[in-house]
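Before anything else, here is the set of structures, which you'll find just below.
Note that chain A is present in both complexes that follow, paired respectively with chain B and with chain C.
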Partner chain A sequence: MAYEISLLTSMAISVLFALSLNLITGLCGQISLGHAAFLGIGAYTSAMLCKAGLPFFATLPAAMLTAGLVGAVVGLASLRVRADFLAITTMGVVFLFVGIVRQQDWLGGELGISDIPPSGLDKPGFMMLAIVLAAATAGLSVYLKKSWMGRVFNGIAEDEDTMRVLGIDVPRYKLAAFAIGTALAGLAGALYGQHFKYIGPDSFGFIESISVLSMVVFGGIGSIPGVIFGAAVLSALPAWFQFVGDYKLLMYGGLLFLMMRFSPEGMAGIVRRLFRARRPHETRKPDTASAPRTKGIHP
Partner chain B sequence: MTAQPMLQVSGVSVQFGGLTAVDNVSFSVPPGTLLGLIGPNGAGKTTLMRVITGVVQATTGSVQLEDDRLDGLAVHQRIRKGLALSQQLVRPFREISVIDNVALAAGSRHTRTPLTALLHRKRDDELRVAHAMLERVGIADYAQQRPGILPLGVLKRLEMARALALQPKLLLLDEPLAGLNSKEAHALASTIQDINRQGVTIVLIEHNLGEVMRICESLVVLDNGSLIASGPPRDVMSQPQVRAAYLGGDTIAAAQGGTETLTGDAHA
Partner chain C sequence: MLVVELIARGLVQGSIYALIALGLTLVYGLLRILHVAHAALFTLGAYIGVLVTNATGSLPLGFAAAMVAAGLTGVAMYRLCYAPMLRQPPFVALIASIGLYIAFEELFRIVFGASGLSYQAPPLQEQVSVFGVLHFSEAELLVMAGTVAIIGVLGYLQNRTRIGVACQATVTDPQMAQSFGIKLNTVRDLNFFIGSALAAFAGVWVALLNNLVEPTMGSVPSYKGLAIIVLGGMGSVRGTLMASLVLGIIEAFGTIYLSQFLDRNAIAFAFLILVLMLRPQGLFARR
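This part shows the complex of A and B:
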């Protein structure tokens, strides 16, 4: 039972983390290859404050605030650069984060931080907390997508120059997307540190950034059910199958490639196509050669 | 003109490196006017339009919309002051339906800042406005379709409906008739005239001289970046420098329905 609880907790944290990237990349169309840096900022903020004696719950807003502030600064970069240049810029951010943390003795340097003080919740309680926060993030994403902010994000993702001509203050919206998305990544980071009881610079590197991007792409960029599914499955697989665990990078990289090549809309796109393919087929039936056969069934 | 002009362009020059694209151009657009901005290719029409919308910064000079000086404002700020632009190359959002495209523009009071946008969800009013705008430009039948496969004539009207949904003081139309056949162009020009008669001030950049002559109340002619003539269409067209710079005798005959007169020589 303890194993399942631990697995569900890390799945919920992954879902929360992937949803936070989906806000930036999926809804607002701003690619980020450095999202793990914000997971790390949240984790380090929470862990350091816990060690300083603050209760775990008090560190959650602090983790969100720190990550969100740094996120808004990185978002400033997105105002100047687009698409592939933004990808490279955000990639730089994650290397910068790891590089800086490694050199800081007060952050544990290479060794990281262990013995993070407990949250006060038992394991099932902490699992529930992670699930509730992931569900709240999903709820926020659904709300946001249907609000005017979601409609503007959607427009910016497709054609930001035209959005300007419609009177939209594009830079402010992009900054808002980065601030909200990275703050939520900080929240996921706080849970991450508390869950694993250990954090180190390598937990939040480029590979983690690509992993979370694979979850979003696998599930379906922009689709909230898709991203939840993608993050849940891809975070559980390595735990279920030793094989997948050993070849995690290979699998994530392969999935990323296959999805971009064959279904850029991810699993959500595949499901959508299946439904769309079935419906016209049913209505078309009476006109096709199979009509005589169906006539008997539906007189 | 006793009324304050809707748009006042004063002494605008634009230099790209050593090239003067627009040279000390001034004109004003009275409220309610349908003004044609014409000139041969490379005359500086599009650059001037971009100065008005804020994509290009004027080297010198200023642009004023009613009481508001627009100089130094970003594109979206100028739109918020009451400008709207229908772009030459249609750029609908292809992922959403025609009516959603227009509703997005109609929601401008909700989308002023990210916070107001986050706190508002409902868009019944905007859909109603969007539908009215689609009817106004005559494409309400396409409301629920995606723009992807629709003909250019419909997309041009969608572009216009989206601009109108901003409820602008001044509507800038950048070659709305380009790429349409003569029948479509005629119909769209009539729609533009109707919109103007409903009280929208319009600046129309257009190459289709026949339609410009038919619907515009006044013209501004640019050549090599300079304003060479302005005034009522027939007066402008009869001026020799306009004919020399821009028109051949053939074109003027076409524009005036074959009733070419020599009044221009009298002006000269």
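This part shows the complex of A and C:
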């Protein structure tokens, strides 16, 4: 039972983390290859404050605040560069984060931080906390997607220049997407540190950023049920199948490639197509999501 | 004297970066795809180079085998992976490419083992002194000479031959080029072949310099290669060359003077972010 509780907790944390990336990359269309840096910022903030004697719950808002602030700064980059350039800049951010943390003795350096003080909750309690927070994030995502802000996000993802022409303050919404998404990643980070009781620079590197991106892509970029499904399945698979554990990265890599090659809209896209195929009489709406996008290549 | 020494080391490293980044630039210029999996060909080339050299005892044969194998794999990547994705939004090919790279890296680990391979009798390791003060191994001198020669040949091919002009025309306007009878797929195949062969060339050199080939040897060059083509202004061969050398030198100085704040990779990316924020079109791009 203890094993299932631990697995469910890490699944809930993955779902929360993946949903936070989905806010930025899925809803607002700003690709980020450095999202693990914010998981790391949240985890380090929470762990350091816990060690300084603060109760775990008091460190959650602090972790969200630091991650969100740094996220807003990184979001400034998205005002300057787009698409491919933004992908590489955010990739730079995660290398920078790991590089800086590794050289800081007060953050534990290469060795990381171990013996993080307990939260005061027992294991099932902590699992419930993680699940409740993940569900709340899912609720927030659905709410945001339906709100005015979510519609603007969608517009920016589809065609930024048109939104500008319509008089939308695009930079403000982009920064908002980054700030909210990274703050939630910081929250996931605080839970991550508390769950594993150990954090180190290598837990938040590029590979981790790619893993979370593969969860979002596997589920379906922008689709909230898809992302929840993708994160839950991909984080649980290695534990369920021992043979996958060894080939975990091969599976991630292959899955990313095959998904992009055959269904860029992920599982959500597959489900949608199946659903549509069964009701042929339904009038087909033009598929805007898969139409070739010509904008947003150049900075 | 330390300054000269550091610049020289930086130039050696920069030459390696240039060889890797040239292939990336060719691909980006042609297809606007960030070809992360390029570094898998770099690793593949290094493995084949070491295996063939150890089996036959001939380094030139190792180079030839590595370049041909990587070149063909590169063409296969284009045909099977990128060609069907050209009509999708740009992030699709980028994510697919990252996936491909991770899968390749794991395949190398599974097939060749995690601990890596090395040359039985590493060639070209003799120390040569230049001007009496700088000491290089023969391999280091040859990699610099090789880079200069290759870039010279590429420049000649691109500007003075029919096929080179066809490549340039395809970059500028694929549809127009096609209507003038240029076969788009041939040009793209050729570009992938040359770029991938260059990556393999760099891979064999790196294997020589470190006398070690390991599955993860491509990861740092792969991400740094992307940083370099961004700095060079995306798709510009001259800019890429300059950016590679500049980055090599900056890293050489950075590891001495900044190492208590940042590690080697972080220096490269800090420089990249700084440049992008000040000059989003890249360091050497013409507007």
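Operating definition for what follows: the second predicted complex is superposed on the first by the 280 of 299 C-alpha atoms of A that agree within 3 Å, B and C clash if a C-alpha of one lies under 4 Å from a C-alpha of the other, contacts with A are read in each partner's own complex, and residues count from 1 in each chain.
One rule holds for everything that comes next: a residue touches a chain if its C-beta (ideal position, glycine included) is under 8 Å from a C-beta of that chain, and two chains touch if they have at least 3 such contacts.
Predicted model only: the values in this text are computed from it and were never measured.
By the touch criterion defined above, A:G155 lies against chain B but remains apart from chain C after alignment on the C-alpha atoms of chain A. Touch criterion met: A:S147 reaches chain B, while chain C stays clear of it. Counted by residues of chain A touched, the larger count belongs to C, out of chain B and chain C.
When both complexes are overlaid on chain A, the residue A:V217 reaches chain C alone and has no touch with chain B.
When the shared chain is aligned, no partner comes close enough to touch A:K123: not chain B, not chain C.
Contacts of A:R273 after superposition: neither chain B nor chain C is touched. Of the two partner chains placed by the overlay, only chain B lies in contact with A:V165; chain C stays clear of it.
Interface residues of chain B facing chain A in the complex, by the touch rule stated above, are 53, 74-77, 79-80, 85, 87, 91, 93-96, 100, 104-105, 107-108, 110-114, 116-121, 123, 162, 166.
Chain C makes touch with chain A in their complex at residues 32, 34, 81, 84-85, 87-96, 98-107, 110, 223, 226-227, 230, 234, 259-270, 272-273, 276-277, 280-281.
Only residues 31, 33, 77, 80-81, 83-85, 87-89, 91-93, 95-96, 98-100, 102-103, 206-207, 210, 213-214, 217, 247, 249-250, 252-261, 264, 290, 292-293, 296-297, 299 of chain A touch chain C when the two sit together in their complex.
Considering their complex, residues 143-144, 146-149, 151-152, 154-155, 158-159, 161-162, 164-170, 172-173, 175-176 of chain A touch chain B.
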